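Next up: the structures, one after another.
Presented sequentially are two complexes of chain A, the first with chain B as partner and the second with chain C.
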Partner chain A sequence: MTATTLDTPPAGPGGKPPAGRGAARGHRRRGRGRIRRGALPYLLLLPALLLELLIHLVPMAVGVVMSFKELTQHYIRDWGAAPWAGLDNFEVAVDFDAPVGEALLRSFLITCAFTVLAVGLSWLLGVTAAILMQDPFRGRGLLRALFLTPYALPVYTAVITWSFMLQRDNGLVNHVLHDQLGLTGQPTFWLIGDNAFVSLVVVSVWRTWPFAFLVITAALQNIPREVYEASAIDGAGIWQQIRRITLPSLRPVNQVLVLVLFLWTFNDFNVPYILFGKSAPESADIISLHIYQSSFVTWNFGAGSAMSVLLLLFLLVVTAGYLLLTSRGRKAASA
Partner chain B sequence: MRSSPTAPPRSFVWTRRIVLTLLTAFAVTPVYVMLSSSLKPLEDVTGAFQWIPSGLTVRPYLDIWDTVPLARYFLNSLIVAGAATGCSVVVAVFAAYAVSRYRFRGRRIFTVTVLSTQMFPGILFLLPLFLIFVNIGNTTGIALYGSRGGLILTYMTFTLPFSIWMLVGYLDSIPRDLDEAALVDGCGPLKALFRVVVPAAVPGIVAVAIYSFMTAWGEVLFASVMTNDVTRTLSVGLQGYATRTEVYWNQVMAASLVVSLPVVAGFLLLQRYLVAGLTAGAVK
Partner chain C sequence: MRRIRLAATAALATALGLTAACGGGSSTGSEGGNDKPDELTYWASNQGTSLEHDKEVLTPEIEKFEKKTGIDVKLEVVPWDSLLDRILAATTSGQGPDVLNIGNTWSASLQASDGLLAWDDETLDRIGGRDRFVPSALAAAGAEGQDPAAVPLYSLSYALYYNKAMFAEAGIEEPPATWDDFVEIGKRLTGDGTYGVAVEGGNPVENSHHAFVFGKQHGADFFDAEGNPTFNTPEAVAAVKQYVDFLANDRIAAVGNAEYAQNQSVKDFATGKAGMLLWQAAGSSLKAHGMKPEEYGVAPVPMQSENPPEGRNVNSMVAGINIAVFKNSDNLDGAVDFVKFMTSTEEQKILNATYGSIPPVKEAQQDEAFSTTDLTVLREVLSTTSAPLPQVPDEAQFETLVGDAMKELFADAAAGDEVTTESVRERLTEAQQQMQN
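Let's turn to the complex of A and B:
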């Protein structure tokens, strides 16, 4: 998926050929390679292939099959015996007038809002910090280490700490907002009710922005120093350099980064699960948690699988559309 | 790196100071809370929050081992994450070598398929995988469900797509002449891989290893379904402090700190490899 969005090094012998370009050249090489090297590349790939089959591809196929079955707790011991349900599971899931479909739609919309906010803010913080720290200054190494710490912490320890900070009576957040600043009349509930959504966004951004920072920092090192020197001689100030050189040269990285952040955030299970436990408050009922609950709490695995399949279809469509748009944008830019 | 002949203007320097200060506060506050609360007696963490602890105690660090079997969870996590990382790196190096150095039929399909698994929601194959593991256990007697082996297999596969992708990028940046010369000298392809390519790819391999270990150490969803009391890992076991009627917040924070320390230390020590690996591979 993401491979197609990458700029390959020019004429690099091992470069991944982008889609549609150099197909003839690739074919010729492939033919030559096959005669010379025979089975070796396949042997090298075999372990990876077997693992992917066992853990990813076969279970996914099984999941798709399950979504067409009436798989309730009665059949869990021998799920092959569960009767076929046709499209029933899907019809229930997308019947937005009925309770199940309505809840799924709401959860989906909440997830969309959450993802847009969390990805946007994480990206913004990551890019800002990386650009501000592009030039060396005293303490830069220490700051970089501090910024990366939220990403390095195991997700459950980090989120448990946040849930402590967000406690109503003994948490830090209410201590600052209520006791010290006096902004709220009553101590606020952060982990239930509508505020739970805000909490989820904040914790998710806290956790994710260091990754954006890390990737952008790495990407900035690929911008040749001469470009800046030349523009400085032409009289460009630092703000102009950021606008004219730094930001445009980050475009290819941003395209991959935003896609990766989107997929991770949209599919995220860990943060809401640890923050709220098995049943999230309505305002923060993220889709993966919703499906988990629909499957494991109500033991209706057929319906849960159907929802997962719908989710996958949605992600496929969004990703394909995104790649199509960005690759067209890049062609237009380079033309 | 930008190098202006003149010093940056004051507006830039002040923006930098203010923004970076705010970001530091945002990033570090939870770490401070974790550290300071882990040293407080229980009555101090049940009352209103105190920035500066009134009394310090190391009791939480002694109690955490008895409240839940933390040592066992720790050992389980260490075995699972260590084995998953080791195996995943080896498998990824082989695969990335094949993809980077050979042109073969199905190469493109392989890379696209493997990478697209990254976008699967974990929830989609959690239950099927669970059923497959149970069925394999029933028919062959190989216990995957509830065992560390099953979890190791799962985690190493999770990290494979990103690892392979990053390593292919890294190997592509290593001149092909290097291993071709070794081949001409009479090395077999595998010998060329281990003698020439792997040593040149150490930063990329370290980066992949960090990523794999962190993923395995932190995963929650599959660990919560695939483990039992004996094989429970830290990610699930740590919730043991919080499901009691009274939450021992100081112990929770102490345990969190103990559990985080190895990964954070390792990550910060090795982060320059991660930046180097990303620079060479992923962000090109």
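Let's turn to the complex of A and C:
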């Protein structure tokens, strides 16, 4: 009977009004159904939310707690018992006159330089390749696939291959540069000393630029052909087209792309770790490795956590600042 | 309707399952017991030529134990570069193996973290007593005056490996006994693409072992009596400089050695690129690279002089692998039984003979398998002129920090920068300053 109440269309003006009780029940039903339907997305999201909480937020909170503790090897087994250190770990980390803080600052600056170079070059390569491949030509698909290969390879395999190629005595790079082309008087060290920084930038760019290429290629599909045709009729050359049509149209995509590349590169642990092992050469002492070294190698997890928290704060501030700036720019543009 | 309920139930079940899983992990700090007497997990270290090789060697032995006790043993061979991280993670989470191998130099550091079962006399008696083991090996299983944190399993020492053919060609009859001779011979062997010695300059752990031995010979200890670091004493500087100088100033090692970190030096020696090598139990690796046992000789590592004074007549660390029981084990009795099995005279003979190491169990050492020329050298060094690395909580940090400083010094030398007493002191001072606690 309830089912029919729900399914029968409302009685017409001349018809008998439905029984009061039945109508009320039908209403409640509908209300509850709506709540249920409203709750469904949340229910379905629940597992993801819980996992997010467990995998991301809880460890992050634990890390923040750890940074206030004197968590050395004496306490790792029962780290609830580790004494509170207050701000000691942070003071050590930011005391730039003392050795530990000085080393952290150095590592931070190296990371900044590395990030600027790697993101800049990746973006430049990505945008150039994407624009060059905007117009169809024979073999375009093949080239696109080829360009995406570094992104498709597992990072460990790819970077370990690089580390073999960069070896001084038996590496492919020196074999070509020194043995075959004779460009260098002596075989070059690529994995130790100052050149390690160059190697790191090259490998990192090699790994990330396909992502920039992919995203920009997708974004270029959205720029209507007609705009280019119209501008060509108006006499715009290729450079003007790029400057006045392509780049402005890419602006929103670029904003997100650069942010993502920045975060990935600044935080990258895999590439330097696989390339250099547990202790990077001084010139390539990237902050993620430095923090790893400070926690795992010297067994001082409190200090390591404090450095991680500082890094987190820095990245949050940069991201927030960036989003604020770019959204203001967008608003101004749309106004 | 039913679907929504199903989704809700599934979500709830997932949530409960996850929290339960976390709850299970919170046994940190609690003691182990004997709740699961039928199973054991064993983390073995990489002793053979590969992880697979280790599995092949250990599986038949472990099957003997399983047959005898009915305990199911899960074996995992953990590579060296991740073993310590894994142990630290296990200690932190309380979720680890029941039995595990550790590098014996980590003993005191791990002892301080309190994750391993202490071997008091009563526990030691369950595996046959303290007296079964070589004292120097047992001394490298924990801080002095405390119950050992582990039991010695395989003993190793450094030795000087030399290429007989290259020595004969250069008219050298005897392996060097002093470093002066070593450098002189090295210079005679260097030329035409070959070098006197190969060093693993990019490997911090290897570097730190040499720093320790050279340190002992110069009278440097790297830690004072309270366990505080003394990395940059004049003696320590002289010791580190002497080793780095093989590449930097004596030039008897190839500059490329500065980045060696994957045992390339063993390969260089085996293929005749270098005439000498300072290594522990290199036999099986040399064989893997195609060098036959009759092609190389083994001698003790040189000293500073023919007759060094007492206390400075050290030419190797007490190297080796210890076996330990994880305190949080749910099968403590079974774990101790497994250690008893692995340190039994019979197993000691089989395993050490396979790996080319020396049994730290006295009775097993008598076996003639360990009387070959090279193992006799290792055995004598171990019993007379070896010393354990400092058994202090910060030892692991010494290996990394001093080893890294030496890696940077090698890199400086390779880049053509001069390595001086001053530059060595600077690097070692920086290393010491990174020790905060």
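Following the convention adopted for this analysis, the second predicted complex is superposed on the first by the 292 of 335 C-alpha atoms of A that agree within 3 Å, B and C clash if a C-alpha of one lies under 4 Å from a C-alpha of the other, contacts with A are read in each partner's own complex, and residues count from 1 in each chain.
The rule is simple: a residue touches a chain if its C-beta (ideal position, glycine included) is under 8 Å from a C-beta of that chain, and two chains touch if they have at least 3 such contacts.
As the structure is a computational prediction, the values presented were derived from the model and not from experiment.
Judged by the touch definition given at the top, the superposed model places A:145 against chain B, while chain C stays out of reach. Within the superposed three-chain model, A:40 lies in touch with chain B and with chain C [touch as defined at top].
In the superposition on chain A, A:54 makes contact with both chain B and chain C. Chain A has more of its residues touched by B than by the other of chain B and chain C. Of the two partner chains placed by superposition, chain B and chain C are both touched by A:169. Within the superposed three-chain model, A:103 lies in touch with chain C and out of touch with chain B [touch as defined at top].
When the two structures are aligned on the shared chain, A:248 is found in touch with neither chain B nor chain C. In the superposed model, A:221 lies in contact with chain B only, and not with chain C.
Contacts of A:279 after superposition: chain C is touched, whereas chain B is not reached.
Residue contacts after overlaying the shared chain place A:235 against neither chain B nor chain C. The contact surfaces that chain B and chain C form on chain A in the two complexes overlap at residues 40, 44, 47, 51, 54, 79, 169, 296, 301. Residues of chain A that touch chain C in their complex: 36, 39-40, 43-44, 46-47, 50-51, 54, 70, 72-74, 76-81, 92, 98-100, 103, 167-169, 187, 189, 191-194, 277-279, 281-282, 293, 296-301, 303.
Residues of chain A touching chain B in their complex: 1-4, 6-9, 12-17, 26, 29-30, 32-34, 37, 40-42, 44-45, 47-49, 51-52, 54-60, 62-63, 66, 79, 125, 128-129, 132-137, 143-158, 160-162, 164-165, 169-172, 174-175, 179, 206, 210, 214-215, 217-222, 225, 228-229, 232, 237-239, 241, 246, 253, 256, 260, 263, 266-267, 269-270, 273-274, 287-288, 291-292, 295-296, 301, 304-305, 308-309, 311-312, 315-316, 319. Across the complex, chain B meets chain A through its residues 1-6, 8-9, 11-12, 15-16, 19-20, 23-24, 26-31, 33-34, 37, 45-49, 90-92, 94-95, 97-105, 107-108, 110-129, 131-132, 153-154, 156-158, 160, 164-165, 168-169, 171-173, 176, 189, 214, 217-221, 225, 234-235, 238-239, 242, 249, 252-253, 256-257, 259-260, 263-264, 267-268, 271, 274-276, 278-279, 282-284.
Contact residues of chain C toward chain A in the complex are 1, 4, 7-8, 10-11, 14-15, 18, 22, 28-29, 81, 85, 88, 91-92, 94, 109, 112-115, 202, 204, 254, 256, 258-259, 261, 264, 327, 393, 396-397, 400-401, 404, 407-408, 410-412, 414-415, 430, 433-437.
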